[in-house]
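This structure is in C-alpha cells; I'll ask about it shortly.
Read from first to last, the chains carry the letters A, B and C; within each, the first residue is number 1.
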Amino acid sequence: MVTYIIRRLIQAVFILLILTFIVFGAVRLLPGDPLLMFLNATDIEALSPEALDQARHELGLDRNLVVQYGIWLGDILQGDWGKSLHFKNANVLQMIGQRMPVTIHLGVLAFFFSSVIGITLGVIAAVRRGRWADTVATLLANTAITIPIFWLGIIMMLVFSVELEWLPVAGYTPINEDFWLSTRKLIMPVICLMIGSLGAVARLTRTSMLEVIRQDYIRTAWSKGLRERAIVIKHALKNSLIPVITVMGLQVRFIFGGAVLVEKVFAIPGMGRLMVEAVDGSDYPVIQGAVLVIGIIVVLTNLIVDISYGWFDPRVRYE
Amino acid sequence: MKRFIMALFITVLVVGIFLGSCGEPEETTTAPTTAPTSAPTSAPTSAPTSAPTSAPTSAPTSAPTVTPQYGGVLRMITPMDPTVLGYPAESAGRATYYQYAILERMIIYAPDVWQNQNYQGILATSYTFENDMKTWTFQLREGVKFHDGTDWNASAAKWNFELRKEAGNSTTFNSMESCNILGPHTVQINFSSPANTFEVELATGIYFISPTSFENAGTTQEERIDWARGHPVGTGPFKFVEAILGDHVTYERFDDYWAGKPYLEGVEFIIVPDATTSKNMMIAGEADAYIYSEFKETLELEAMDGFYARYCKHHTPEGIWPAALEPDSHMYDKKVREAIEYAIDREAIIAAISLGSPEVEIMYQAPIPGDPAYRPDFGRHYDLNKAKQLMREAGLENGFETTIYVRSITGRWADMALFVQAMLAEIKITVNIEMINPGQYMTYLLFGWPADTLFISGIPNEPISNFVAARDYACSPAGVPKWNYSTVQTPEMCALWNELKAATSPEATRAAYVALSHQAMDDAVGIYMMDWPDTAVFADYVKDCDWIAYSTKVWNANTTWMAPH
Amino acid sequence: MLKRRKRELKFVEGRPQESEWKRFIRVFFGRRIVLFGLIVVALYIIVAIFAPWIAPYDYKTISSTILSQPSAEHWLGTDTVGRDVLSRLIFGVRPTLIVGSVTILIAAVAGTILGLLAGYFGGWIQTIIMRFIDALMGFPMILLALLIASLLGGGLKNIVIALGIALIAGFARVMCAQTLTIKENDYIIAGRSLGLTNFRLMWKHIIPNAFPPMIILATMNIGMVILMEAGLSFLGVGIQQPDAAWGSMVSAGYNRLTSNPALSVAPGIAIMLIVFSLNMVGDGLRDALDPRLRGTL
C-alpha cells in the first residue's frame, strides 16, 4: 500500500512536469507580445527597440524555451512563482492563494451536492426501474446536463434575484465573514456547477446499480427476508459505487472547467476567471502557476480515488 | 405503430418539459423593462448633468438645493481590474480611474476644457512656462497633506519628477535637464526640448505620491517600487484600504483632505466582468453606480425608475482604420481608402448599433465641432457611385480581398464588421472578419498591422487635440513601436508632424496642429465613424457625483454624497 | 409499463439464445426514449441537409429591421443586425453538427491510435503515451480548449481542432484499457504464435472488439462538445461571424433575455433537445452493446 502510494506520487510528479511543459510551450505561442502586457506604456515612443530588447531580456523572454522552463521550475521549487505581467505588483502564488479557496469552496459544495443528489436519483431509478420514478429521475438527470450553464445562470439570476428577490445577484463572501450571506450567494453558482456532474453521476449509478441488483448475493440476501432498504443500501450501493467513484474523481476536472463559466457569470473571484483573464492577456506566469496548482489537485484526487477503491472493494490489490 | 405513437407522446412530453422550464423566465421578466429598441429614451435627462461642480474647493458652495449629507459607502460596479495603483511612473492604462480618488495631479481638465482647453489647479495653484516651453514653474497649493501625514511641498514635487525621470519610460521626462526648488512651494523644471504636451500629461497621467512612504517601504529601489504598485499613498480625498483582484477595491475617507472632509465614508469598487450581471445587481440594489457600463445596459437601466445615466462624449471616437503602410498594398492608394469610406453608410450602421439612442453622434472627421481644425463642410458621405468610380480609377473595379480585425465576436464591433462586410461587397471588396484577442490587438497596434487589412477600434481622445494628433499621426521608421491607430504616412503629413513636435509656443502648436489635422483628413487616414460615449449609471440617490460629467479623466470624489435611501 | 416489467422478469430467468444483431436491434430500439432520440437526431440531419429549402430567409442577409419581436414575417424575430433568427437557427444546424461530429472524429481517431499503441505494446511506449494522456487529463477541458483556441485564433476550423485535442485523453484512456483486456484473449495469443503482424492483429482483431465502448463514448461526447462550444463563445472565442453554431447564438443573445428572449431561448432549446437526444442514443447503444449488461437486458 505505502509503496503503491509512493510509486503513484512519483508518477504524479512526472505527469505534472509534462503538463506544465506542454502548457509552457503552448503559452509562448499565444498571439501577442507579452512584453506589451507588461509595459503597458502610455508613452511608447520613449521605448526604443533597444529598450524593448532590454526589458525582454530582463524578463527572460529572449532565451531558449527549455532554459526558460528550467529557470521557471527552479524558481517554483524555491517558492518564487513569479509576478503577473499584467498586475505588476501581484505575486502569482499570492493571487492563487486568494482565489483557490474560493473555487474550492464552490467546488466542494458542488461536488458534495452533485454526488448526493446524483447517487440518490440513480438509486431511485435503478430500484424502481421501469416505474414513473425511474422515468422522472432519468429525465431529470438527462435534462440537467443539456443546458449551457452560463445561460442557466443568467436565467436563474433573472428569476430568483431580480424578479423574486430571494437571493443576491452575484459576488462572493468568504464563509468565515458571514456564513448566511456566503451561502445565499453561492446557491445559484453551485446549482449551475453541479448540474452537469449530477447527470453523469446519476446515470452511472443507475447502470451499475442495475448490474449489481441482479447479482446472486443480492438475490440471496433478498430471499433471506432482510428489509429491502437495508439490502439496497448495505450491499448493492456499496458495490455499485465503485465505478461511480471513478466518475466522481473525474468530476473534479469538470467542476474546475465549469467554474470558468460560472465564476464569470456570478462575478466570483476564483481560479477559473483568473485563468481565462490570464489567457486573454498572455499573462504567462499566472497561466503557468494556475495550471500547476489545478494539475496538482486533479492528479491528487485521482490518487485518492484509486486508493478509495480498496475501501469499497476488498478484492482490489495495490500492485 | 404503437411504439411510434408512444414515441410521439414522449416527444410532446419532453418538449413540454423543456418549454416549461425555460418559458417561465421570459414571461416573468418581460413586464418591467422596456425594449431598448423602442423610441429613443428621454433625451433631456442625459445631457451632461448637474452643473459641473468645478474645483473641489468650491464643493460646499456649489450645493444646489439640498444640503449634502455625510456618510455611506459608495458601491461602484466596474468591469475592469486595477493594475498599478501607486507607482506613477507606470501607467495604469485604462484602469487609471482607480487612482482618481486617492492620488492627485497638479492640474486637471476644467469643465470647459472641450471648448477652451482650460485646466484647473489641484496640487498646483498656478504655473508659467517660458524659454520656448522648456522651462516650467509651478506654484504649489499650501496646506495639503499626504495620507501618511507628511506635507506636500516643493521637495515632494521635485522628488516625484525625479522618480519619473529615473524610470526612463517617458519621452517628456527623458528630456528633463534639471528640477529646482525656488521656494517652499515653488518648483521649476527644465527640459532640453520644447515640452508642448506637458500640460496634457500633467492633467491626465502625472500623479504625485508621498516620498516618505515610498522611501520607507524597502531597502532596494526595486522593493520600494514593488510596494508602491500596490500601496498608493497620495493626497486624494480617500485613502487606499485594499485591492482584491477580480473582486473589489476599497477606499476609506481621508479626514484631513485639503478641500474639506469628503461626504462619503468610503468607496468600494465591485469588479463584475459581465454586463448582464452588472445590470441585475443595479436593479437588485446591490450597488449604487455602474461605471464603464455597457451601452445597451445603460439604456436599459436609464429607462427604469430610480436610475440616471451619464454619457460622456468625445473621448472615444470609433471607426475603421486601414493598414496602408506597404507601398504595394491596395490601401496605399488614397483612392481605395476614399472608395471604402464612400461605400460605408455610417447612418445605417449607427442607427442599428446605437439602438436608437441619440447619444451616439456620427463623425466624418477627427476634430469635433468647436475644435480649431474642424471643417463643417468636410466629410466623405455615403455615395456608392463615387465609391465605384474611385475603385475604377484605382484600377480595381473587380475588387480585392481583405481582412477586418475585430476584438470581440459579439457586441457592437462585431455587428459593425458585418455591416462593413455587406457594404464593401457592393464595391466588390471581399471582407473576411477575424477576431483577435487583446494581446494580439496590442501587438498589432504597437508594432503595426498586417498589410492591406482593416481594423475596428476606438481611439482614445483628449480635449487637447494637438496631443492626440501628435500621437496618432506619428511619423516613425518601421520597427519603432508607436500607436498605429493610423498607418497612413504621407510625406506631407510627416513634414507637418515634425513641425508640430518642434513647436515652441501654444500659438505655433495650434497652427501646426490645424495644418496636420487637415492634411490627415484630406489623406483619408481612417474612417472616423461615430462619437461613442463613455457611460455610467447611478442610482437616483447618488448626488453631485461629477464622474465623467465632462471628461473621463476627472472625478472629484470629495463632492459626491448619497441621500438617504 | 406494467407489462414491460413482467416480460423483463422472464428474461432474467433465462432466455433462449439469440443472434448478436437481433439482440442489438431489440435492446436498442426497445426503449422509447432512445427511439425518440434517434428520431430527433434524424430530423436534425434532415434539416441540416435541406436547410436552404426550409429556411424562410438567407441567414447572412442583414437588414435594417433589427431586434424585431417574433411576427408573421419573422417567426422568431430578428437579431442585432436584422437577420432572421429562425433562418439562422435552421442553418445553424450545420456548424453545430460539424462541431459535434468532426471534433469527436478527430478525438476518437487520435485517441484510438494512441490508446491502441500504448495498450498493445505496453512497456515504455505505454508509459510515455499514458503519462502524456494523464497530463492532458490533469487540466480542465474547457481551459485546454480555450488555450488552444486562443493560440490558433477563432473560427469553425480552429474551434473544432481545439475541442478535438481537448477530448483526446478520454478516448485514449478507454482504448488503452480495452486493448489491455483484449490482448490477453486466447485468439490474440494464438494469432501471435501464428506469426500474424502486429498491424494485422490490431486492425483486424483489437479495433473491432474495442469498437462498442468507443462508439458509446463518442455518442455521449457529441452533446458535451456542443455545450463546450457554447461555453467557449461565452468566453469570447468562437465560430466567426456570419456563421453561427447554436452555442454562439446562445452566448450572443443571453444578454437580451428580457427584451428579446427568442434570440437565446430558441437556440438554447435546440441545443438542449439535440444533446438530450444524443445522450439517449448513447444510453441505448450502451444498453445494447455493453457486454456486462448482456444477461440482464
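List of remarks:
Please note the rule applied: a contact is a pair of C-beta atoms (placed from the backbone, for glycine too) under 8 Å apart; a residue touches a chain by one contact, two chains touch by 3 or more.
Every value quoted in this text rests on a predicted model; they were computed, and no experiment measured them.
More C-beta pairs touch across one of A-C and B-C than the other; that pair is A-C. Chain centres here are C-alpha means, and the one lying farthest from subunit C is B. For the pair subunit A and subunit B, the distance between mean C-alpha positions equals 37 Å.
Averaged Cα coordinates give subunit A a centre that lies 22 Å from the centre of subunit C.
The distance from the centre of subunit B to the centre of subunit C, each centre being the mean of the chain's C-alpha atoms, comes to 44 Å.
In subunit A, the residues that touch at least two other chains are 30-31, 143, 154-155, 158, 264, 280. Shared contact sites, meaning residues of subunit B that touch two or more other chains, fall at 14, 18, 22, 25, 29, 276, 436-437.
Residues of subunit C found to touch two or more other chains are 33, 150, 153, 236, 251, 254-255, 257-258, 268, 272-273, 276. Against subunit B, the residues of subunit A that register as touching in their complex are 30-34, 36-37, 39-49, 51-52, 86-90, 95, 98-99, 139, 143, 154-155, 157-159, 161-163, 165, 168-172, 264-267, 269-270, 273-274, 277, 280-282. Every residue of subunit C that touches subunit B in the complex is listed here, in rising order: 29, 32-33, 35-36, 39-40, 62, 64, 66-67, 69, 80-82, 150, 153-155, 233, 236-242, 248, 251-252, 254-261, 265, 268-269, 272-273, 276. Here subunit B touches subunit A in the complex through residues 14, 17-18, 21-22, 24-25, 28-29, 81-85, 90-93, 168-172, 174, 205, 226-227, 229-230, 244-247, 270-274, 276-277, 280-281, 283-284, 286, 436-443, 446-447, 474, 476, 479-483, going by the rule given at the top. Against subunit C, the residues of subunit B that register as touching in their complex are 3, 6-7, 10-11, 14-15, 18-19, 22, 25-26, 29-30, 33, 35-37, 275-276, 296-297, 300, 348, 351-353, 355, 408-410, 414-415, 417-419, 421-422, 433-437. Across the complex, subunit C meets subunit A through its residues 1, 4-5, 8, 12, 33, 131-132, 134-143, 146-148, 150-151, 153, 223, 227, 230-231, 234-236, 247, 250-251, 254-255, 257-258, 264, 268, 271-273, 275-276, 279-280, 283, 286, 292-293, 295-296.
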